[in-house]
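Dropping the structures in below, format is structure tokens.
Two complexes come next, and they have one chain in common, chain A, joined by chain B in the first and chain C in the second.
Showing the complex of A and B:
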């Protein structure tokens, strides 16, 4: 860390807080990857960093795990500052990278033993932990098989297991469900839920809104390197007020319809995307007749209308002006 | 240190499971060294068959034939007497003999006259070395003959009575041209091809490990395992030390096993164990430094493969791993001393020819110095690239 910043009041160390990231900043040349990001994660809490690809999630994770040097800011893990050379703080972290970071020509057990040894485990304690983790991830029967023979889902589970061996106080998972089939994805999410329930602090990055909604006690929304909002799902949605998300599928001059909708009272946003118009509106159902009338007037044909309660996707749209998966 | 050992043990386990690493490190060096020794064994065991045509039948021709068939030359030359120059030429053309030596009629008489008659050497492009040997033998004999003639003429000119010519000629015939040049290696034993090519091929294959190791480093980086290791509570130095240790142990094991197998199977001479071990350890340190340099200057597996290949072949060509460096041109012999493998081969050949154990000290120190320089360069480049 080049400088020690003042820790924001809401991030001051409490006994329950396992991770405190304060005013983190990181540039790569001219590109700002992380800009003044602060948040904290408490023991037993699952915190989601939600943002599209390239938003700065992985860079934030790499700063927290001591894999990158921050240009500014401070990170405390269980009260200890972390940096690329701070080994004591690293002992408290279990890192699960986005890639399947395992050795395919070693067995599951050999992989776990190797990563366990790196964290100082050895002898009976190591064997005990390896057995326990294999049980936890449901791979006890395959422990002596080489990883190259595993399915994608099994590899994902083992990838997570390798981060749990030393019983970390903070588990950091970087998009652990990318490229995973629905069944394995469900299994991964169930595992993560159990870690939080067991008292572990979990930092989970994803660009899947539904994962963040299902798993995380609190969510930080990150875009262009900035943490634009954070809170529980309820707190974030409340920022929208009584807003609804209206999705119109229509043919004709959609841009003109979006323009017309923007002029209607109660419509906060109107965007055209993929042959659809997305509206963010106060009391959306009450506004529907006016929207349909506007469509008729400019000659567009509405094929379908969907009105949804606000979700994190709508929050993201509201805060950043773009859809989460753009 | 403990985590460095953990990483080294994992890397070595990887290599043991990789058949190509086993083949490259332990099987191929033995096979190729055996093949090279066999292919070049004629260099160390030279023997020429020469067809001898005596059209003179004089005293000097008989004396030449006697000299050529002497016991001293029996290991090098075999003389086959044939009746005519045409017959000898056919034997040479057919490759039945390597060269032909024709003593013309009147050769003995001319030796004491004023008009000397030359010997004829028959050669073939297929056996240039044999023809050169035959010519050298003929030249040496003619030189001796001319020296004898000169001595007799000088004595006569100085006033020795003509009646004593026969006595004088007999006395001169007992004299020989002085031999002042003695070819000798640093040690006292002859260097066998097995003793040269065993370490040469062993070093060649451990140099191939530069690309192999650098490639696996970038494969780990791409696969995320290197990042996962870096997230563990170990310093960057521990990771580098572990990976270096694995490369070092692999190189030492490869060269040591080759030394043992080639000594037992092909009677290759590696010299006394301690100085040979010093050279093996120094060369393995150089391998680690060169690998670090390749990793420092590369960004991807493909780049690492290409750069490693260039460095490896440049070192092999300059260092003399493909040819007996003692038979190479002077410039190549000097260039070889710019490479760690060139110095290692120099040390091993000195030990193989029976030089004192201390003969390995200077090569080992020079190799270690080169390793330190290359390692330092790799460190500087690595830090510079990390900072940028």
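Showing the complex of A and C:
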């Protein structure tokens, strides 16, 4: 691990910073899973790690929660270093894994009591916290029911609740909405928003751009184990300048059309993906007639055109050359 | 605290699994009842007689009838078959009724009746007494008939029915013996056989199959999540070990209680029996934890565990006494912990043994338990930490 002296200047410990991850690195054999990743999360802040599957989000989270040993780098939770041993720093973390890590044949209350006891809660304090968390996640009426009888959304909520029992200062959620119906997804996101508002530091990984945009105060974009950019949505989008994201659905020689588009002034990128052409352009609406004319000239039939204001998807495309969900 | 939380959660899950409870509660009781009833203790000694001799003259037939007082008489085809049955422990003694018994007796000459005995010396002695008593009873009639024949100038054959009738109504002075510690090399028959062997079999099998619980917990990501808390992997492993041990002890207590209350089984010397039950529960715990560490899916543990358990039980003498199998199989059988546990139960129940008598068995079983628990702990901790 790097010494404290190697912590980048902007990540120096401040009283508000709950998590500081500094120059983290992790390899599995020849594969680099996390490569020199640094970021910090302050109290009351929701930080999103945005990246496609396999980008290194879960490995980063497992390093932060002390479930994996980093090859290099340092992690401080509320000023205390984390490790894979039973360090006190772990008491500050509420970890919500991607999978539903609950006993299906125990009741909601029994599950919460189990996880509470792992964090040293017992007796009245434990009962009190279990009741509070059941209220918070809206499962008070189902506390005595077995988890196996719950819907997917209810399981997700309980999964989050199990991470809140000991009132952590840092809540780490690893893709908590994967496989969740839209209604439950909304409920989960509202809950996460409230945790941040209550002063908790939240680290949230997702490969859903909309979630990162809606929930996170700051976003770190991660790809192939590297944090390629981070900032607020506004800061990230500003990297693109006045760019628009144009998506054409067409039939014919799409490669030729993409080639032709690259030659047009104002178009920075043109990529063919899944029967579509994705363009990154300055003042995209003004360029549309020229694009359509180019399509007509090479005999390509354009079926639909969509012009979008720059978003994190466009930022990701701009930074990595690939779409977020590939 | 962590270990207790893990143990409580796992134990609650095990006790809540109704399918598993069938195998833990109902099936053992059922099997004990069936085997105990079918392989019941006939009472007395099992006496073998050669079929050809028994179907002979009247005096030989009546001698066989008298032998029935010593225990059930089983007819053997020839002396070789009788000796084999004796060696296998299927008979306690073989009475070779002389072919010329009737002629010799009617002549008034002396007769010697050879008896082949097997098993421990104390058994031989008891069988000899029982057979002697039966022969003596037969001789009383023959002597009475001979006496009457001499006095009345008639034949022994004519007087024999009268002597038999008189013997029936004449008051008898007899010695009552009870075969409490027969000293045979296999478990007593009936529930005294089925209960301890089924305890050995089911505690082990259910522990092996119960490894599925650990595998499922691993798959659910609960251990991984737990390790994000300030807990140590060894506390999780210790907690699971505690739950398996408690479960194995509960099942043992159930079988012992059922055996005693429903089937009247005596479990022998109390301290020795407790030591054996606890040691065997540790062996089961080791097997269950190893199953939880080795298998990749709960289905593997549920399916393969019982197969391994039954195979070990067969080899180890839970299904039949190891004394009736060839020497090689008996040696191989002692590669399983079952054989040592069954040996120890035999010593306690069949030979009225105590703690010192089963010390070697307990030491070997403790070795099995330590080996399996140690290996399981290493594998499980490695899996949890990876």
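Throughout what follows, the second predicted complex is superposed on the first by the 320 of 326 C-alpha atoms of A that agree within 3 Å, B and C clash if a C-alpha of one lies under 4 Å from a C-alpha of the other, contacts with A are read in each partner's own complex, and residues count from 1 in each chain.
In the analysis below, a contact is a pair of C-beta atoms (placed from the backbone, for glycine too) under 8 Å apart; a residue touches a chain by one contact, two chains touch by 3 or more.
Bear in mind the structure is a predicted one, so any value in this text is a computation, not a measurement.
Peer 1: After the chain A overlay, clash or fit between chain B and chain C?
Peer 2: Once both complexes are aligned on chain A, chain B and chain C clash.
Peer 1: Using the touch definition from the top, say if A:299 reaches chain B (first), chain C (second), both or neither.
Peer 2: A:299: touches no partner chain.
Peer 1: Is A:120 contacted by the first partner chain B, the second partner chain C, both or neither?
Peer 2: The answer is both, since A:120 touches chain B and chain C.
Peer 1: Going by the contact rule set out at the top, does A:95 touch chain B (first), chain C (second), both, or neither?
Peer 2: Touch status of A:95: both partners.
Peer 1: On the A-aligned overlay, A:152 touches which partner chain: chain B = first, chain C = second, or both, or neither?
Peer 2: Touch status of A:152: no partner.
Peer 1: If we overlay the two complexes on their shared chain A, which of chain B and chain C does A:65 touch? Say first, second, both or neither.
Peer 2: It touches chain B and chain C both.
Peer 1: Pick out the shared contact residues on chain A: the ones touching chain B in one complex and chain C in the other.
Peer 2: On chain A, the residues that contact chain B in one structure and chain C in the other are 65-67, 84-85, 87-88, 90-91, 93, 95, 97, 99-103, 105-106, 110, 114-115, 117-120, 162.
Peer 1: What residues of chain C sit close enough to touch chain A in their complex?
Peer 2: So the residues of chain C touching chain A come out as 1-2, 4-5, 8-9, 12-13, 16-17, 217, 220-222, 224-232, 385.
Peer 1: Tell me, which parts of chain A touch chain C in their complex?
Peer 2: 65-67, 84-88, 90-91, 93, 95, 97, 99-106, 110, 114-115, 117-120, 122, 162
Peer 1: Which positions of chain A touch chain B when the two form their complex?
Peer 2: The touching residues are 65-67, 84-85, 87-88, 90-91, 93, 95, 97-103, 105-106, 110, 114-115, 117-120, 162.
Peer 1: Write out the stretch or stretches of chain B touching chain A in their complex.
Peer 2: My answer: residues 3, 6-7, 10, 13-14, 17-18, 223-225, 227-236.
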